[in-house]
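I've put the structures underneath this note.
After this come two complexes, each holding chain A, first together with chain B and then together with chain C.
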Partner chain A sequence: MPNPPPGLSQRQFDNALARLEEIIGRDWVFRTDEDVALYRDAYSPLWGEAEERYASAAVAPVTVEEVQDIVRVANEFRLPLYPISTGRNLTYGGSAPVHSGSVVLDLKRMNRILDVDERDKTCLVEPGVSYFDMYRYLRQNNIRLWIDTADPGWGGLIGNALDRGGGYTGIDYRDHFDAHCGMEIVLPTGELVRTGMGANEKATTWQLFKYGMGPWIDGIFSQSNFGVVTKMGFWLMEEPEAAKQVSITVPRREDVHAFVDILHSLMSDHTIPSQTSVASPVMNGSADPELVRLRTSGGASDAVWNRYADSVDRPFWSSTFVLYGAQKVIDAQWEHVRDRLGAIPGVVFRETASYAFPLSDEEAEAVPDKARYGIPSLNLFGSRNAPGQQPSEGHLDFSPMIRPRGEELIGLYDLTGRIYGELGLTPSAAIGMMFHARAMICFHAVPTFRNAEDNRRSRALFERLVTECAENGWNIYRIHAHFQELGMSIYDFNDHALHRLHETLKDAIDPRGVISAGRYDIWPRHLREGSA
Partner chain B sequence: MRPSIALAALIASVPASAQDETPPIAAWSRTAAVSETAGTLSERGAAVFNNWCDACHRNAEQNAPGTRSLELKYRGELPAPLEDRTDLTPALIELYVRNGVATMPFYRKTEISDEDLAALSAYLADD
Partner chain C sequence: MLSRREVLRNGLALSAMSALPAGEAFSALHLRLAAGIVDANLPAAARMAERFRRESAALHVFAGDPGRLWMSVIEPALRRRPEAIAGFTGAATLFCFQYLAQGYGLGLAARAAGPAALDRLDVAEPDLLDLRDPRLADADTVVTWILAPKRG
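Let's look at the complex of A and B:
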């Protein structure tokens, strides 16, 4: 049996679990070592080490009333709970609690799609609904709406939105928290609230108008621990008539400035509707020793880089995006894109895919770049790319936010390359991605392993990347549970006033400190004081 | 190879929660559903495979990262698609589902219940 949570005796823990069994039945209270081990973080950067976070038990309710009753028992016993939705937030901590010894509140069984309104283009779901679930439901019922899926299709609409994940389709949909409309939350006291128009039971616009009346409070339930979200509404994208995926390259390193500026402009005026990526086929190349030397030097000139690009015969920058809409609109958009970017000498335009919707099941299955069309997959989860290759085991997402400017993209490539070099590591590929309307995420993957030695190296790398990028103004927007204290520490204006505000809210909303202690470094008072 | 009727049965049989008046309109991943469905154990296992394994392990040239990875691992010594394997035992299937391997994570019992796992084993091991 796992140890009881910190602060509870074995007897208190047993009594609390007995009460939870009365609420949801013995089958849904997991407390054997074997069952609780399934709540480990499969990609933990601390796998098998003393600091790895473990659950003490897990409970899996199926109704909102059960969640309320569980939370009330948790208050009574001061039992720390850690809610998860589908539990697949891998690379950010998965289903393991931040505060070791917490009881995982596994909401996977709450997997009902409560409403899909084709005319309003909205849905209302429970936390256990995955992108696969919603996609299959829409196709089975011939509903011509798209979800915007995260890369892993096993992720949940609610969990991903609450951690502020992103996808690939239209700007109104791919910022998943921004695409939500209305929430239902079990507060840490057990009280049930609905936000926005949902605070009036007769309102017909819960999933249509976000604000309702009074302070708009939804934001505090993302990347936080102020309640258990049991329902969320989302806006869905109307299936377009057609789509065209394109790839555009420019040849020289210094072209990045005009390239990113024009792409940003085309996104701002809504010519380009989709997530738009900018990457370097040259700097993201193979493990060629000369490439590694240039990247880890952290500051080779444009002239040096351009000579290298010539030697490997690759264009320096590439961008991929999708135009959605009526075919004649797409044709006009594509013409305008070519007019604007045609100002860059040597630019090459390629149409890589065209689709007319709806797709048959076979056609949808054959789409290679699925997420750009609202089709969930697990295509990024391959373990090997070559015969005999040692399989990969996991990774951490390191994704600092930068301005969409060529100088910042180059600056980030240079800085991260230097850090890898100083640690004796081969630099990771990096991709600038415009998930959001104005800022660019620069995605890197830092590998994790099932052995401590390699993980120690990855943690040291990750911490340096976070810290030194922040010193240049490039902050991460989301971070693995183990590093959330580090992640929040860089948001330090006025001696960490924002963090103090978070904990002021925590004390007011969760006075017994029972929900997700430590998530995004928000600790309840008794653990703050105890750990000081 | 994968009877679609089993998946339809899995969906149709999901009961509404007794404590909530709103009936579910979809519950593809409802746990313990296998024990509530008709059909043979192997047919139920096909539904479990479709729901949880197919996105990685389908028998396809593309969009099947698990199949691709096993193809690179076995290099023709064993079939890469799991549904084509004849050497899978229930113990081996349980080992991978409950422990994971490489980038494949382990599955919780709220995702693949013990009943679902038994059905999956019947489906894959009986082929």
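Let's look at the complex of A and C:
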């Protein structure tokens, strides 16, 4: 039997759980070791160590009213709750609470698709609705709308949006939080609120117009702990007539400056609608000793790198993206892309796939790059380990955000390569991805293991990556639960004034501190350092 | 509709399994297999498909991405009635199905590296995500496995 949450006696804990059983029934209050183990962080960088975070129990309501009642009981007992939607974002901590001993508020049973409006191109869902669920619903009902799925697609629309996850399709959809329109939230007091136009009970535009009247407060419910989101609306992409996926390469290391500038320009003028990635087939190649030496050197010259690129016979940079729309529009977009990038000597254009929609089930299954077409998959797990690499049990996402400029991409490759090398590790492959309209995130994978020694090294690596990239102005925008204090610490303007504002909000909205204590380093007053 | 708790409590065969020491043959459990799943890309897939055809109620073959199979066949079936499933896949696919199926009360009951007869599988330790075995942590590893309702 797991221990009670910190600050509660066994008797208080038992009484609180008994009250929760009265609300949702015994079947949905989980407190055996086996049940609670389901909420363990499968990729924990602290696996098996004393500091690993555990749930003390879990509860799984099915209605909004049950959530309200649970929150009220939590206030009464000062029972820490940790809401999850599907809890499957393993690289950011999965379903394990930040504040060890919290009771997981598992919302997976709240899995109703409440509305899909094909004319308005919107949906309204509960937190347990996964990308798989929504995709299946659209296909089964022959609705010609696309979701923008996270990759892998086993997560949920609401959880991924609230953690500010990203996808691959059009700019209006792939920033998942930006693509939401309207929320319903159970506040830490148990009160129910709706945001935007949903604050008016008769409004017909809850999923169409974000702001309503007064301050737009939806943002404070992302990456935070100010309430339990029980409904969210999303904009869905109209299925295009066609799509063309392309790959473009440029040969020399110094080409990256013009390459990224032009791609950014083509995204800004909406010629390129999709997520656009920039990676180096040379620097991300198989780890031969010379490549490792160059990657870990912290800054070999263009000439040295170009000689190496010649020796492995690879172009230095590549980009992949998709053009969506009417076929004749795509043809014009593609011609314009080639005109603009054709200025770079040695550029090579490839059309890697073309589709006309709708796809049959078999055609959809045959799409290799499914997420770029709103098709959820588990493809990503087929590449958990590169051939010959030491198997790891998981990884942490490390994705600093940079300006979309070649010099910053090179600078980041050089810095992270040097840090890996100084710790005796082979550098991760890195991919610059333009999920967002104006910035590029640079994805790296830091491996996690099931043994403490390897995990200690991974944690040291992760901490150095975060802090040293931040010193160069390359902040991360999202971070695994264990490192959230570190992550917030780099947002340090005016002696961390933003963090103090978060705490002020926490004290006002959740005075008993019952929701997701510690999430993104927002702690309730009674749990802050130095508090009694 | 069955509740998850009922699923956990209805693990009839699992009561027997919990009494078995690790390594004991899985055939002692006499589980009804609702489905056999085979990754057609693997060597020995045809042989394992034939074996699963005989030993399970339904055979499902996929190639590469197991997501569509999960989404359109396995998950809807588990929602109706969580029952044991067997597979011959890469370890990464086992990882995904193990993680997804735990939401329906299923856990890793037995496994063996490579193609194996179901009555030769080792009963797994009752671990959540048993990737500590390095063979199973390697995404390239091929594994035969059974996921079954866990005892409550």
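Simple rule for what comes next: the second predicted complex is superposed on the first by the 518 of 532 C-alpha atoms of A that agree within 3 Å, B and C clash if a C-alpha of one lies under 4 Å from a C-alpha of the other, contacts with A are read in each partner's own complex, and residues count from 1 in each chain.
Simple rule for what comes next: a residue touches a chain if its C-beta (ideal position, glycine included) is under 8 Å from a C-beta of that chain, and two chains touch if they have at least 3 such contacts.
Since this is a predicted model, take the numbers as computed values, not measurements.
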Exercise. For the three-chain model obtained by superposing on chain A, do chain B and chain C clash or fit?
Worked result: clash
For this session: Considering only touches as defined above, state whether A:Y137 meets chain B (first), chain C (second), both or neither.
Result: first
For this session: Applying the touch criterion given at the start, work out whether A:R112 contacts chain B, chain C, both or neither, answering first, second, both or neither.
Result: first
Exercise. Just chain B (first), just chain C (second), both, or neither: which does A:L38 touch?
Worked result: both
For this session: Classify the contacts of A:S95 with the two partner chains as first (chain B alone), second (chain C alone), both, or neither.
Result: first
Exercise. Counting only touches as set out at the top, which of chain B and chain C does A:G233 meet: first, second, both, neither?
Worked result: neither
Seminar exercise, completed: Across chain A, the partner (chain B or chain C) reaching more residues is B
For this session: Determine, under the contact definition given at the top, whether A:G155 touches first (chain B), second (chain C), both, or neither.
Result: neither
For this session: Check the residue A:F381 against both partner chains and state whether it touches chain B (first), chain C (second), both, or neither.
Result: both
For this session: Look at A:E365 in the shared chain and tell me whether it touches chain B only, chain C only, both, or neither; answer first, second, both or neither.
Result: both
For this session: Classify the contacts of A:E65 with the two partner chains as first (chain B alone), second (chain C alone), both, or neither.
Result: first
Exercise. So which positions on chain A get touched by both chain B and chain C?
Worked result: 28, 34-35, 37-38, 40, 42, 60, 88, 108, 132, 136, 153-154, 365, 370, 376-379, 381-385, 387, 391-393
Exercise. Can you list the chain B residues touching chain A in their complex?
Worked result: 17, 19-20, 22, 24-31, 51, 55-56, 60, 62-63, 65-66, 68-69, 72-73, 75, 98, 100-111
Seminar exercise, completed: Listed in rising order, the residues of chain A that touch chain B in the complex are 28, 30, 34-35, 37-40, 42-43, 58, 60, 62-66, 87-88, 90, 94-95, 106, 108-109, 111-116, 128, 130, 132-133, 136-137, 140, 153-154, 365-368, 370, 376-389, 391-394
Exercise. For chain C, which residues are in contact with chain A within the complex?
Worked result: 3-6, 8, 64-68, 70-72, 75, 90, 92-93, 95-96, 99-100, 102-103, 126, 128-129, 131-132, 134, 137-140, 150, 152
For this session: Name, in rising order, each residue of chain A that touches chain C in their complex.
Result: 26-28, 32, 34-35, 37-38, 40, 42, 60, 88, 108, 132, 135-136, 152-154, 361, 364-365, 370, 376-379, 381-385, 387, 391-393, 450
